[in-house]
Amino acid sequence: MSDKLSRRDFLKLAGVGAASTAVLTGCGPASRSVKREPYMQMPEYTYNGLSTYYATTCRECAAGCGLVVRTSQGRAIKTEGNANNPLNLGKTCARGQATLHGLYNPDRVTDPIKRTRGNASGDIVTWENATQIVADALKNNKPEEIAFLMGMAPDHLFDLVADLANSTGINAPVRFGALNMFESRATLSKAAENLFGEAGLPFFDVGGAQVVFSFGANFLETWLSPVSYTRGFAGLREGQTKKRGTFVQFESRMSSTAGKADEWMPLRPGTEALVALAIGRLASELRGGSMPRAFADVDPLEAASKSGIKLETLEHLAEMFANSTGALAIPGGTALGQSNGLAVAEAVLALNAIADNFGKPGGVFFSALAPNQTEYQRSASVKEMQEFVQQMADGKFKVLFVHGLNPIFELPASLDFKNALKNVEQVISFATFPDETALESDYVFPDHHGLESWGYQRVATGSAQPVLSGAQPVVSPFYNTRATADVLIAAAQLASGKFAEALPFQDEVEFLQSKISPLMSEADGFFSAADIDTFAAYFQQYGGWWKLSDGRAVPNSADVLNRSLSSAEAEFAGEGEFFFVPFVSPTLAEAGANKPWLQELPDPTTTVMWNTWVEINPVTAEELGLKDDDVVTITSEAGVLEVPVYRYPAIRPDTIAIPFGQGHTAYGRYATALDENGKIIKRGVNPTDLLGQHFNEAGDLAFAGMKVNIKKTGKKQLLSRLESIMGVYGVGLGEEK
Amino acid sequence: MIKPEEIKMSTDESGKWGMVIDQDICTGCQACVAACAMENNISFVGEADSGYGRSMHWIRIERFWEGEYPEVKMTPNQPMMCQQCGSATCEPVCPAFATIHSQAEQLNLQVYNRCIGTRYCANNCPYQVRSFNWRDYERPEPLPNQFNPDVTVRRRGVMEKCTFCIQRIHKAQDKAKSEGREVLDGEFTTACAQACPASAITFGRVDDPESLVSQLAHRGHGVKHLEELGTLPNVTYFKGG
Amino acid sequence: MAGYNNNAVHKKVESAHPKAESHHHDEEHFREKHLMLDPLPRGQMNDMVMESMTTTSWKFWAVFGLLSVIVAVCLFYVWGYMISEGLGVTGKNRPSYWGLFLVNTVFWIGISHAGTFISAILRVFKAEFRRPFTRAAELMTTFGLVQAGFSVFMHLGRVWLFYWLLPYPNQRMLWPNLHSPLSWDLLAITTYLLSSTMYLFLPLIPDLAMARDKSTGWRKTFYKTLALGFRGTEGEWTHLRNAMNIFAFAIIPVMFSVHTIVSWDFAAATRPGWNSTIFGPYFVVGALHSGMGAVVMVLAVVRGTMKNMKYFIRPEHFDAIGKLMLIISMAWAYFFFNDYMVQWYGGDKWTKQLLHFHEAGPMGWMWFAMLIANIAIPWAVLWNPKWRSTPWIVFVVGLIINFGMYLERYIIVPVSLSINRMPFTWRLYYPRVEVLLGIGTLAFFIWLYMAASRLIPLIPVWEVEEGQMAHELKKFGRETVVSVSELE
Amino acid sequence: MIKRLFDWLKQPLGLIAVGIAFLALFSLAAYGIFQSQQSPAQPIQFPHATHAARGLQCLYCHPGAARGPSAGIPAQAKCWACHQQIQKTLDSQLADTQFPLLKPLVAAVTSNTPLEWVPVAMVPDFVQFNHRAHVAAGQNCENCHGDMTKVTVAENPQVFNMGFCLNCHKKVAGENHELLVKLTDCGTCHY
Amino acid sequence: MADNISRRERSGQVSLLAVFPDLEPAADAIDHLRTLGISDDQMNVISGIPVTEAMLGRPNQWTNVPRLAGGGAVLGFLGAVFLMYGVPYLYPYPIQVSTQAVIPGPPTVVVLFEITMLGMLLSTFLGVFLDSYFPNYRPMEYVKEVSDGKIAVFFICPEESREKFTKAMTALGAEKVEVAEVEHL
């Protein structure tokens, strides 16, 4: 397929040829400067000027939303959601829309490169050499000296590497992603294991609920599966029962999710478990009957005083929760990224037991496992990554393959991945973009962009049905890149022996077919076919395969309330004065910074574009003598950052917050900035630089468990805001607030 | 030939295409903004210009604050785009007829190639939804490969604004005509409405009482912004709650 | 007819001579004071005017050279740069889509109003003090309008397509939109520019003929060409006088219409603060305010720097214009207050917000400076006949008034644009290259004026002579008074 | 000095000199404009007439015209589908001597490089032209593109400007008010 | 008109120019010329200021300027009428802006006014040119002293009585009386 779709540049100039329009428009076409190249071979069903639509899967995050991409003359023009895909039902988020700016990004890695580490330029090598280098790396090192570090997408490549590792004895691939770090997936699944006796990713049916209490879960932004949860939120508001559902958010900083809440509870960071249990106790009291053991030990008065939420408010919330026929409590986000994160997750999940909503509409489920999955697989927690980095630093690995991940940027700087990398003899990156990690690698063998790739992605959560989203190339590769799966298969063949046996495939497509062929025999599918070719064709055509039935499991709730739950407050690291809340930028997330239109999207809460800011309550700012755009130094035990101030009216005065997503030193021209001398500098800052190595009981990073200090620098840096600071905040109108 | 006296004024009608926006479920996620930019070849302008009020968004999501901490509330997100007024104040002030009222589609047209850049229309737009090409904003190769061939790429000195994705309207009409039928309700929609994960935006024929958008619009307590100016906007907002 | 009485003329000429014998004190006092009572032989006045044109110091050329450089750089180079880069190099943004260029346009059109006011309205009302400086004022009209035209073209995003604004048949079957106040503007400014240029030229013809008779070399060719063969026959004078009368009456409504239409650019818009019915007369009076200030500045400079001009332009003229300035300042205050009052009382929340923004916003200083410069200072100074007869004082007041009126336009255009009905978009405007281009237009105005002062007799000698003919002293009992005969 | 020059220029000889200078400038400008209007050579001086004479329909090579906005240039594979069966294409001897036009095609196909054509009929970017609607409305290709049986390399028989489009649209709509509104709406072509 | 006397090239006649320093003698001279049989249309006065006909006791001068101005105003008005009422009928397409009528009321007044005034003033200006035969660079009878305030009376008399007229004029205060020399203007 990808080879047949030849001439990408049928029109040398884009169909609308911006550049060639004569200055004197109105004077007719400037046809003399235009040349057209016809297709060598016109693909079937293609006509000049008519669009062709291909179903594929979005690779901007790991959720696995289905896309339909409009292509014209072999160029991808627009992405839309795949209406058939049960996960996103035809919808996309902003990042899914902007994925084309990744495909046609001017800063992609265009060829396989050999480079001296840290050097921006490098020598182009041929793909034959590249494959040989990979083969040698596999063959010439001991299995335990080979490590794979992979991102959350795509799953098919992970499966391929896992298969390779399984049968050759090399280290199992490690998966990580900054989004998962901020989602604390390990904590969620551990809490589920503790409460329900089974590990898994809970699914919260927001759309079916009447009252939703969210403890830090930013499910309208980047959390787990934002498109599907946003649809759920719309369901909550519009209500199946035609009654508008209520939504309460508990967190110290009003996220854009909390902005949609009917009530925002700015509790003191670290008291989430206490508050959840207190609400549980008060609600249980209202319900009558014996007090469950889970809530027995908590004192609502203490909860009120420690959290800063008034007792009356807690009572009112408890009443709301207890009296609703469809109450739902969701733990997530910053609430879990604290030293007591596991306790918070357990306490909040336990609240659901009062509502008795397990396995009911509007309640808690286990997410449906994807069709070719037998058990929940979670990514590495930061604790596990810490061990991995330690092994690197100890020189345990001779060769490291990195794909789909930019650990230098995404891991907290205190883990010092960059330094540990120095003790790995050979680093081979498969990065599509020249990110920080690719810059510190010996080789970059660029993978295709997601829209040029084959593959599939398991939908981990968000859909009631088990879904395997399928990917196919919608355009032929724009540059001299090659699918990493193809490179690995070819290298395994070259390495021969057990490697060749482990991956006995012609190419990536054959491997994919081998992986989806078991689905042919599964019942209840969206489609079925007798032979693999037809099945694979449908798989491409519809953008994946999914069952028609609900695949969610009901958690075993028998024991939830009969256990003692900890109401301990979180401990905070560092001597600082302020609680520090890093949060994922809803528009950029971990990998959006190189897409110009994502940079130009205003942040939903602050409307800032193209930069990083620190949110400080105006009262605190006044005390510190800070105005908007004043640059402050923020110091934690792990690091220092300089960042301009945004006086944010909806954050606790003892808390500050910085979005994660910027602060790149590489990753293309839009992710970085230029100083006056034309030198590449950081655009914005990366808040993970401030994070120390503190974990919760489940091994997730206590990213919201730091305390920091703020100091004014006297410098100013104007933040680009879409909003008017005069119109929205009344600043500069003559009546200072 | 059309005699001037035969021209129908838009006050006589209810408009043709319209939108309903449910602010209660709009999460402010910016998917519509990104979708609009991708569909309509909108330039990005960079940090300095965007911070100076020159961003080219055809749709922007407004939010304000009510109250003070801790009783502070974010007002419902309000996506603002061209309201396709039936009696648009931008139209009569253009000396070149570059922005006029389409009789066929009852839309407020911006004819880029006729625009000479007086920017009077933008001044006179009470919704402030027009954006001006202050420069030839750079889109380095190969970014232009993504351009939508159905939408003109604008250059410096030209005003632009939301068109209700008129290219999609034409495409749907062309398709329906080639199949010998009328355009069906929901057969196509604008880029913003198509992307919106919460389905907060509904687009369709407001002159067809059976259409979804008409039914939503007549649900009650919907607001048309600055209606008091007599602009006859075609976008209805529901603040919700 | 004593004024043109042979003996009387000779007597007065002698008296102007230093060797003259002592004369009546009253008469001498009047003569010193009034140009019209201090006639010189026509030939001498001609020579004085010719001399003023041709006597050029190195200072003149230094200033002229500097201005040429400024015009070349600030106007033409920067404009070219702006056209090639787009208007992004200016400071405009959303919502301040209009900025300094339209401020400059309004300003220059305002400046141009003084010329017509002096040469048409004062002519119609036979205000005799106008005679020596009608041309100096009328030149300002034409050159000011040239700058206004430049400014409005700079304002266009795609200026190379300006011809789409002209009504002409074309294959597109498209005509300009005559619903738009900008179209009316184009019509009105074109009409005004053409008619004020013609009105400048008609009374100039006899003086060009005079210059033709008095010069040699290239100047002779130049004046000969421009004088069109004028001899001064009875017929020529009659046609000229008739035409000038028609112009004097007809150009007044044109002048009013121009600035009224300019005000409609704002008043017709659906914007808080702009949508005001008083804007038409308010703008016209504002134009006169700045125009008179500019006239007085030009006269002071002309009197101070050009040879023989102290004879033609005297304190009496500054006194007379000063009185006008005072009256116009009062009228401006009246209109300003009228507009402010109604807007304030109206109670529209956006308008109130805007008024508050004017006074207390970041540009609040402009609002107060405007009131001080346009009202307080003129009133404080111009009531005093001695002060308003002192050229440098009136010059300073004129300068301050122009500064104040510039601020007024700045407040009306970009400052008011900052506030609209969508608070999410409110933003301030910071001019960038517009400043250079504004300086360019100012330099070009002065450049044109300086060039004209070398080429065109700035004093309409025949009008002065005509006036001198008509004036005489008359005794009523013990008092001697000035008496004017109606010659036409 | 200037006066002498001026006087000299006023003489008949001077006037002639002025005239010649003016003419020279004018012809230079005219030549420049003429040059800018010349299309660069096509890679093949494609004989439309020859193909049309063999009964090939326009839509055979330009099928996009019936289906969508763009008529398109045929893929090289399409050319080759016929030409590879034609002896004179394959015979290099013949091609060298008698049919030099075929050489670039053979070269392009054998080297698998695309021919770069120079578009002849084009509307500006800001005009959204759709072939399908025009063909469906019964317009023949030659109404706009001229009679291809008579030309070798395609040429524009007329300037595709707004007047050209409008004249036809007006004519087609006739007295049908609704159709005229649709066909003359600015938004029908410009968006 | 007297301006064109010389062009008629009357044989046996001579044109004389008498230059007077002031109005009174010039007026006297004109009266005297009349008594000597020179009719008003054989005389002309050249002056450096607009001397009205009444001052010299001359008949009123005919001028077309006001009529031309009126004609121009009518033409301008018709042009404006065409733009406002004619052009909308020329459009093949319905151009509608906002809900304003295609032929709008108040804007029509503005355009009618502006173009009418433009037409009137342009034709007034042109009227001066037409009536005075401007531009006219042909040789004409002229003395430069006129610029310096002298008044020249120009008349045609029979060749034979030239002496008589010269004397008469000198007696009335003429500074010089000479055959009107054709000067390059």
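Order of writing sets the labels: A, B, C, D and E. Residues in every chain begin at 1.
In the analysis below, a contact is a pair of C-beta atoms (placed from the backbone, for glycine too) under 8 Å apart; a residue touches a chain by one contact, two chains touch by 3 or more.
Note that the structure is a prediction, hence the values are computed from the model and not measured.
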item: Mutual neighbours - chains that touch subunit B and subunit D alike; value: A, C, E
item: Contact-graph distance - origin subunit A, target subunit D; value: 1
item: Chain whose Cα centroid lies at the greatest distance from that of subunit D; value: E
item: Contact-richer chain pair (by C-beta pairs counted) among B-E and C-D; value: B-E
item: Chain nearest the global centroid, as defined over all protein CA atoms shown; value: B
item: Chain separated most widely from subunit B, comparing mean CA positions; value: E
item: Computed distance of Cα centres, subunit E from subunit A, in Å; value: 89
item: CA centroid of subunit B to CA centroid of subunit C, Å; value: 46
item: Subunit D-subunit E separation of Cα centroids, rounded to whole Å; value: 60
item: Distance between chain centroids, defined by C-alpha means - subunit C, subunit E (Å); value: 29
item: Per-residue overlap in subunit D, given as positions that touch at least 2 other chains; value: 69, 124-126, 161, 166, 170, 180-181, 184-186
item: Sequence positions of subunit C contacting 2 or more other chains; value: 161, 164, 173-175, 177, 179, 183, 422-425, 427
item: Touching two or more other chains - residue numbers and ranges from subunit E; value: 91-95, 97, 100
item: Touching pairs - complete list by chain label; value: A-B, A-C, A-D, B-C, B-D, B-E, C-D, C-E, D-E
item: In the complex, subunit B residues that touch subunit E; value: 1-7, 9-11, 85-89, 91-92, 94, 97, 99-101, 103, 232
item: Residues of subunit B that touch subunit D when the two form their complex; value: 1-2, 6, 100, 102-105, 107, 109, 111-114, 149-153, 163, 166-167, 170, 174, 177-178
item: Complex contact set, residues of subunit C against subunit A; value: 160-161, 164, 353, 356-357, 359-362, 364, 418, 422-428
item: Contact footprint of subunit B on subunit A as seen in their complex; value: 8, 13-19, 21, 25-26, 49, 72-73, 75-81, 88, 90-98, 100-101, 103-106, 220-221, 226-227, 230-231, 233-234, 237-238, 244, 254, 256-257, 259-260, 264, 266, 478, 586-587, 596-602, 604-605, 607, 609-611, 617-619, 649-653, 673, 718-724, 728-729
item: Contact footprint of subunit C on subunit B as seen in their complex; value: 49, 52-54, 60, 62, 64, 80, 89, 92-97, 114-120, 122-124, 126-128, 130-136, 156-159, 226, 229
